[in-house]
Amino acid sequence: MSKIFRSNEALVAVTIVLLSLVIGLNNPTFFSVGNLFDLLRSSIVIGIFAMGVLIVIISGGIDVSFTAIGVFALYSTTRILKEFMPDAPIWVAFMIAAAIGLGLGMINAFFIARFKLPTLIVTLGTLSMFHGFLLFAIGNQIIRDVPPAMDQFARSALVRIPLERGVANLHPAILITAAAALIVWLLLNFTMLGRGIYALGGSREAAERAGFNVPRIQYFIYSFVGLLSGVAGMTFGSLARQANPQDIVGMELNVIAAVVLGGAQLTGGRGTVIGTILGVLLVVIASNSLILIGVPAVWQRVVIGLIILIGTGLPAIQARRAAQGGMRSI
Amino acid sequence: MSDAIVRLSGIYKSFAGVKALQDVSLTIEQGRIHCLVGENGCGKSTLIKIIAGVYPRDSGSVVINGREYEDLHPIDSIREGIQIIYQDFSLFPNLTVAENIALNEELAAGRRFVNWRHVRKVAEEAIAQLEVHLPLDARVEEMSVANKQLIAIAKALRQNARLIVMDEPTSALTEREIRRLFTVIRRLRERSGIAFLFVSHKLNEVLEIAETITVMRNGQVVSSGSAEAYDTARLVFEMTGQRIAEKAYDYTPDLRSPALLRVEKLSVPGALHDVSFELRPHEIVGVTGLLGSGRTELALALFGLLPIASGQIYIDEKPVAIHSVQDAIQHGIGYVPEDRLTEGLFLEQSIGRNIVVRTIDRLRNRFGLIEPKQVAQQVNDWIVSLRIKVADPALPVKTLSGGNQQRVVVAKWLASNPRLMILNGPTMGVDVGSKNEIHELIKKLARDGMGLLVISDDIPELLQTCNRILLMRNGTIVEEILPRATNENELAAKLIED
Amino acid sequence: MQESLRRNAFVRELLSENQTLRLFIITALIFVAFSLLLGERFFSVRNLQSMAVQFPEFGILAFAILITMLTGGIDLSIVGAANLSAIVAALILTRLSGDGGAGVPLEATIPLAMVAVLAVASLCGLFNGFLVSRIGITPILATLGTGSLYTGLSYVITGGPAITTTQLAFIGNGTIAGVPIPVIVFIVLAIVFAVMLNRTSFGFNVYMLGTNPRAALFSGIHNERVLMRTYWLAGLVAGIAGIIFLARANSAKPDYGATFILLTVLIAILGGVRYTGGFGTVSGLVLSVLSIQFLSTGLNMLMLQLSGSSAAIFFRQFAWGALLLLVMVVNYYVEQRRQRST
């Protein structure tokens, strides 16, 4: 019993089921195909971001700049496409966005790995730097008439289920999220690099002594997160069919909340892909479906705040209890 | 040419002008258990780091497995089969036992992908070699200290260790765990021909396990040879050097006078049970015992840091409840903790601030504000009266030597006029000269009317400073010993008795 | 002789002369550089006045970062708490004394609003303190969460839009003896913090706790109480900043001052506050606030002059981030050199 409750995944899964039941019983449309597809669609972007943030948090760091990287990549890519290659296919757009994200991520990596600076303060700085640069040097107007490839992609569907009224569409971008999750899962569990990320989060000193090249691992982490953020930003724009330089930034908390809720701990060394997926689903359900049970949308930020506090408070209380027992052995 | 794994000769090493090692020579033979003994700060750790290739030497030669190294890097040392197990074990708390054992090997093999079956096989083989049982799928953070140590040894074995260096391996183990560790060490030495360099300052253990002993003092090797040639007395003498004649503290308390501190049947689950004793003004009572005997736990319980389950503490024969450090302080108790660097001092802060931290509340003017003049005055007074060697009290306390740092901790407490002081390992990592001065200080405080509880496993220290010694074992006091009725060997024997 | 030397040394430590002097020179250089580059536009009474009413907004908030960073923590919820405070004040003012309000005289409503702000801000701060000291959540995450919570509550109260009121404009635009009231508030806070940190045992304990919480525990410092008080003070500072927000902008909204977190962290780091805790001074912080204001105004004018486009205002956002990283890298090298020399 206590073992099951200690497993964060199980706890989050049970919460999702209970919450779904409560919402579903109050409002049966919750279980409709249309709503399920909507929930999945809302999970796409936050899911990609969450995979990047998961890696950072496992390594014992925190990144708040990924949203700025996302919107930077989206907006710049859209402008590049419009000006130089308006007919480029969508995959080219994603490649460019990924490359821009990678470049920005490497800037984070440079400051963190080279100078051993605290990740929160570095990424707070680059968040402002990237977003500021985007707005003053690249553009601050919303691009509504996006290149045709983006427009087309926005309208495509992976699964189309005709309903009584209209059609329920499952957007193919969900595959990007799935791929990101799969890659991160393989990376974390089956590569030495992935184990190095866990090792770094567990004990930096021990990781160095074991022979891990810690700066190189950090370079990888923050560059890879940049790449994922670029892809996530592009996905966001493709779904929204516009490139708004003020979008995405501000979403950090939702993503971090989802990852923390999924069992990753900011102290490092802990966190799983499955847990993160569940965390994303819970955050999306909680914020999308509040209205369905009569909670006004303005409560959304309150709910996110509470999720973070509960997600960090429970392990803190557990750790405190364990430490009280441990005082005896000092 | 020889069976030596490591042959060091004429090693010199200094840090910022301080000579840490002077003309040190050391030979570690294959398949031998070699003990390196010496007091804290004698250069043992520096020597290990030179063998590990972590510190470059200033001069001297390093020959490993017959090969001379001009520039020894950690990677060379590992490749030659030298494995260092540090006191923190360098394990990953968040990973499983199996992965901790196998990770270094996988990494050294240059693998890019993890083969979990292989990881498990490696770990199983390693613990089979140790002939111990360890849950391979449990996380290391759930393991006891003793098990963590075995995991660290298993990890070292998997990297073809030919020499395993263990830095103070028994300092956090219970008696039974020490037995198990020794069994494992002997077995590995016999079956696999692995050599051990065992660094310790616990003489009884050294005498029990060592085949070869090297004694160090003040950065130099004092003597080295076969273990049969050593006994406790010789080790103590060689470790501490010329014994400076200290006058023992001979005091017979008036048993009719009220006790300053009386403890009755004090129990803390898993740490202490039914501890009873009393302490009168002018007394210096030693508390000794092995690690895990409850000696530190007793101090923590009296200082409000361990919740007391049952029993009663009396101060001036009045029952008191001590639930927090503040309660303890209110009853006039001061505590000089075991770990000076993390518990006793604010290393980055100035010497002055470290001295007045307890009393800052009293150094205020009539507006209730801290008065810098009074602060400076108090800092100055304590520097003078405890003869703390200080260039400038505004310098960080970390710039001081061990002995002077300890005096700062003592000054911090003395400034608040405690009536009862608990000193845990008062001279750990302190040079011999300062050690004597600290002992004299303790005696002076007692003569002036304070009651002191000295927790230590330093036998000469106990005999020279205490008027009574309480021996603890398994969380309780088993015997009260009068220093004048015993000697070093007898006390040492009692200490390790099971 | 020896004694006076020691006494001087202690005083010197309290003032931490070197760092303050270095910052003073930097601040002065920035001021002189912009005065030379921009001439009258920068170096004029009008511009000085306009700068003077700008910096207290974020300058006041910086004290909250200072005190929490000194304990080795951080308070990322201050902007949320400030906005929540401003909204509560605005709500009370408009509902009781606004047009179509209950008609209570403003003289009675303003003190009531102030008390309500202090109460709300105290609650915000105490809740942070509770999470950090009693529950033991890392300050970053605890205040990230409460920041979202406080901002969220602001949205719940207002439903989204700003609450407008000019009833406090007399604070925002007013002067006493020619000095803008927000500046006076800033100066008073600076003095209060300087005295508190240097001359009270609470301040002393903040530094010690921030240096080594374990040694603080073993030295009898009541860590939980010190942390509670620290975050409570940070909350109060946020409340005061909230009043200034409302008084200056004549409106209160949930998402005001989104860049202030970055700006205040930048100010603290630039001002020599160590993010690991234990070190930092009010004088450093004040000089840092002034440098940032000079830079802000100066860069803005310079960018407008160079590019002429409205996008120039975004340049500052870039500059703050870049400057934060620059300062940290410079500190890194300074620290390296210091370590090599000892």
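For reference, chains read A, B and C in written order, and residue numbers begin at 1 within each chain.
Note that in this section a contact is a pair of C-beta atoms (placed from the backbone, for glycine too) under 8 Å apart; a residue touches a chain by one contact, two chains touch by 3 or more.
Remember, it's a predicted structure, so these values are computed and weren't measured experimentally.
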>> How are the chains arranged in terms of who touches whom: line, ring, star, complete or other?
In response: complete
>> Of the chain pairs A-B and A-C, which one is connected by the greater count of C-beta contacts?
In response: A-C
> Of all chains present, which has the mean Cα position farthest from that of subunit C?
Replying inline: B
>> Rounded to a whole Å, what is the gap between the Cα centroids of subunit B and subunit C?
In response: 45
> Taking each chain's centre as the mean position of its Cα atoms, how many Å separate subunit A from subunit B?
Replying inline: 46
>> From the mean C-alpha coordinate of subunit A to that of subunit C, what's the distance rounded to whole Å?
In response: 31
>> If I count partner chains per residue in subunit B, which residues reach a count of at least 2?
In response: 305
> Quick one: in the complex, what on subunit C touches subunit A?
Replying inline: 74, 131, 135-138, 140-142, 144-153, 155-156, 159-160, 258-259, 261-262, 265-266, 269, 275, 303, 311-322, 324-325, 328-329, 332
> Taking the complex as given, what residues does subunit A use to touch subunit B?
Replying inline: 189-195, 198-199, 201-203, 205-207, 209-212, 268-270, 327-330
>> Quick check: in the complex, which residue numbers of subunit B touch subunit A?
In response: 75, 86, 88, 90-95, 99, 103-104, 106-108, 111-114, 145, 268, 270-271, 296-297, 300, 305-306
> Taking the complex as given, what residues does subunit B use to touch subunit C?
Replying inline: 16, 305, 325-326, 329, 335, 337, 342-350, 352-353, 357-358, 360-361, 364, 368-370, 372-373, 375-376, 379-380, 383, 392-394, 399, 412
> Can you name the residues of subunit C that touch subunit B in the complex?
Replying inline: 3, 5-7, 9-14, 195, 198-201, 204-205, 207-208, 211-212, 214-222, 278-279, 342
